[in-house]
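The same chain A turns up in both complexes below, where it pairs with chain B and then with chain C.
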Partner chain A sequence: MDRRDFMKMTGGTILAVSSGTYAFQFLVASGRSVSGDNIAAGTVRWGMVIDLNKCIEGCTACLDACRTENNVAFHGDNRWDVHWIRKVKAEQKIGTESKEKSILLLCNHCDKPPCAQVCPVQATYKRNDGIVIVDHHRCIGCRYCMIACPYNARYFNMKDSEHWQNEERPKRSHGVAEACTLCAHRLDTGRQPACVEACNNTGAGVLFVGNLNDSDSEVSQLIADRPTKRLREELGTEPKVHYIGL
Partner chain B sequence: MNIKNIIQCRIGFFAALLAIIIIIYPLGYSLTDYAIANDRAEAQPFLERTAPEITDCVEDTIYMRYHHWELLGKIREEIVRYGKRGDVSLDTCKKCHTSRVKFCNKCHDAISMTPDCFGCHYYP
Partner chain C sequence: MEIIFEKLEGKSLAYRMAMLVFAAFAVGGLISTWIVIEKGICVTGMTNRVPWGLQIVMAIYYIGLSAGSLVISGLYGVFGKQEYKPFARIAVWIAMLFLIAGMLSILTDQGRMDRVFVEPFVHFNLQSMFSINPILYSGHIFICVVYLWALFTERKRFTTIIATIAFGWAFCVHSGTGAIFGFGARVLYESPLLPVSFVTAAMASGTALMILLIVGLFKITKRYLDDRLILWLGQFLAVCILVVVYFLFIENAYRAYVVELRPAAMYYLFEGLHSILFWVGLILIGCVIPMFILFRKKTGQTIKWIVFASSLVVFGVICERYVIVLPGLTHPQEILTGMHITQSAIQEGVANYTISLAEIAQALGVFGVIGFLFLWGMKFFKLMPTEAVIYDQIGMIKRNEYQKRREAKSIKSSE
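And now, the complex of A and B:
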């Protein structure tokens, strides 16, 4: 046997045995395996309708409920505060006239989310039910998504949050971007998001969340019956938050 | 026939044997370690159960001891990325192992390893 055969044989044995052990790992692995989405694409598509005509000036029920439910960072300083939902003044200019309106602004859960497209680590992604979510375990804090978002709905945790009002839900540590999740943890268990619940408790009934694919749902009915607008539709991001009276 | 001749005749066999020994060595080492750890009484001081009526963990003790991070990683992936909120979550652990200081931290401190979970997830 010459040196060439010796090398071939050693290499071949190492390859055979190591690939065997590698395959063995999968055979003896635990029964729990991660499989695909529990919701088939296209059956559920969560969307929101906001009736701005009914929104009460100065009411912050939904904003407070969101903070309490999701432990959103609040330091009392605008440089570091995180807002998943907020009230902003939107200005619309038609010719020389301009009108100003106070609107609720939150993540629009776009069908074509620019934030998910730019994310270099796929931490931001769209679930099969249309909710756009940040996987904070994977986020590296590059803030591309904040630049990409045309609605300025994304925030960055400049500091560790000291807020832990709802101990069942995680808070965020320093260095991750975040936005509204449409309370995916509540929708998954068949409850309404915290903001919707709070809004209904005040009796205003401004916010509606439901399945846009189901034509009998409340949101689909509202979109069919009332004139609705979406923010920056011309960008083609297909946002799923519809405004009445914008 | 001296030893040199024997090696030269059977050199292919020796090459294969050497390769197998190199590959098997770490496997055997950890298997022995695994067997010793199971027998040692002092290797099991960590479990502090506060709910004695619950006797079963979601997986068996040996699996949890050596692979609990894999299980937690899989659950995390299911919940965060696929929206599958099953029976098992980090809250399930809290039912029996109520104190992180008395349970998780015992091993983690011993090997000076700090998991990132508890910066965001509440576990007193």
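And now, the complex of A and C:
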């Protein structure tokens, strides 16, 4: 073997080994699941049930609580306002009659989240308990997730937020995407999400959050006993927000 | 015949003025980008409903131009058409710069530009088209550099190899970029045809731009250019446009035919600003008129008309890029099946988007940077051929005539 061949061989080996290791690293080492298929059975899988029949006309308790709890940005301009949860009025025509309903819309924490699939930096990911969340220290602000979400549930911080009511939660600065976190920080410490708590305080009791993997949990019971619907089920995103009375 | 490449002198007034204008654009872009970084995306026309705007339109436009101009260099590099060798270096140089322009446009569009250089590479997501594309793009730039080097050092065999790789890679780059949209969840994005039609539109715009550039450069620097070279490019351009029209037709016919997609198709074709851009900008100005000019015997064989048609195509393809990106976003998604949202805190129906000054400044800024680099390169690298001739009998006769005329002229002017 002459010098040239030797150089070629060593060069080639180094290149192959290093690129192989690198490839292996980003395929395996990331503990995050983009598709979310690594959830161990029997563990917690958070989900939500919304009983629209009980929702009080004109009430905004859950929306306000969410905004205060998470310092969600509000600028008074519908181009930039962020709504982790929003209440819309929708009209449905059945025959000649048209019915109007108030509907709460929020991130569905899809089991197969398209937003996480497209995120180029894995800033959006699904936690092992099923909550879809954005790492706002990693998000580069490409907004591809907003394009991919079929529910318009994603928002972008177009502008720095002035509000900082809850100092335990980060102040929202511009440049990153976000959506409802199902108050993961609260669930992790055994508390209910802010919206659920606020709704219960009004006595309406529209919102339920619980473990979908536990057949005895309130949410599982409701889903089993009552007719529920999920949004755009045909898309196969497997939303985890179930509606009663939609 | 040996083709001699040389550097531009870069001392003329025109050169200096052009450099100045490009630099001014670049500074404008820098300032506006700084404002976006400081204040956030709210200074642009984008909203929470329309999160992508002009910068993305420009990005995919530039990337298209890049792939298209690479095709021209491929005529020599891949297909061995000797007569196109004079343009090979310029074509690769511009292909590289346009790809950089595309990347700059994407970069300046990000919410957190500071993170772009690290995060996508350390947290690679194989399932995201947005993750795969940067790899394709940086690969493309790298290949262009090697390609240029091969051309500069006149390595024939190696040129063919790298040109072929570049050619194939350009297709991947383009299909990948098209897939960002085509594989998306939106009604007006989703289409496996999109990457393909994307490539053809790219070829059309790239060829058109190369025609403009070559004719312009040869004219300004007073070099001899064999008309037949441009005539052939003109015909090639016409065919490209024909294919673009064909794809556009299939895509829209499909949407208009399938019942569930029909409302979206109607929205795309007949409602709002984008439909005007579609019919007037893309179909009429970008396709029909140029095709008419190029396929017609009389005009299709005249350099002036070909140049005119090319400039129309260059404009038309910007419109094409716009109607790829924006209608898909402004068109509402159906969140509640069978229901109509009447009241909401956000814009729920058709959203609107207006191009803002900040975005225009950014887009011009990127253009300025690239223009500046292009001219700078012309001065420092041997990119420009002394002449572009088809070395056959007619070609030689014509060239000699041209030279005689020029000599006569210069004698006259010196008298």
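Just so we're on the same page, the second predicted complex is superposed on the first by the 193 of 246 C-alpha atoms of A that agree within 3 Å, B and C clash if a C-alpha of one lies under 4 Å from a C-alpha of the other, contacts with A are read in each partner's own complex, and residues count from 1 in each chain.
Operating definition for what follows: contacts are C-beta pairs under 8 Å (C-beta built on N, C-alpha and C of every residue); 3 or more make two chains touch, one makes a residue touch a chain.
In this text the structure is predicted, and so the values were computed from the model without any measurement.
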**OP:** Tell me which partner A:V196 touches in the superposition: chain B (first), chain C (second), both or neither.
**Re:** neither
**OP:** Scan A:V219 for contacts with chain B and chain C and give back first, second, both or neither.
**Re:** neither
Subject >> Which of chain B and chain C A:V44 touches, first, second, both or neither >> reply: neither
**OP:** Spot which of chain B and chain C makes contact with more residues of chain A, would you?
**Re:** C
Subject >> Which superposed partner A:C55 touches (first chain B, second chain C, both, neither) >> reply: neither
Subject >> First, second, both or neither for A:D160, with chain B first and chain C second >> reply: both
Original post:
Thinking of the overlay built on chain A, is A:C66 touched by chain B (first), by chain C (second), by both, or by neither?
Top reply: neither
Original post:
Is A:A179 touching the first partner chain B, the second partner chain C, both, or neither of them?
Top reply: neither
Subject >> chain B versus chain C as contact partner of A:P114, first or second or both or neither >> reply: second
Subject >> Overlap of the chain B and chain C footprints on chain A, listed as residue numbers >> reply: 30, 34-35, 160
Original post:
chain A touches which residues of chain C in the complex?
Top reply: 39-42, 46-49, 51-52, 109-113, 115-116, 119-120, 122-131, 134, 180, 184-186, 189, 329, 333-348
Original post:
Can you name the residues of chain A that touch chain B in the complex?
Top reply: 1, 5-6, 9-10, 13-14, 17-18, 21, 30, 32-39, 125, 127-129, 133, 135-137, 160, 164, 167-168, 170-173, 184-185, 188-189
**OP:** Flag every residue of chain A that touches chain C in the complex, lowest number first.
**Re:** 26-27, 30, 34-35, 75, 78-83, 86-93, 100-101, 103, 105, 114, 117-123, 138-144, 146-152, 155-160, 174-177, 231-232, 235, 246
Subject >> chain A-facing residues of chain B, complex >> reply: 11-12, 15-16, 18-20, 22-23, 27, 59, 63, 67, 70-71, 74, 76-78, 80-85, 91, 116, 119-122
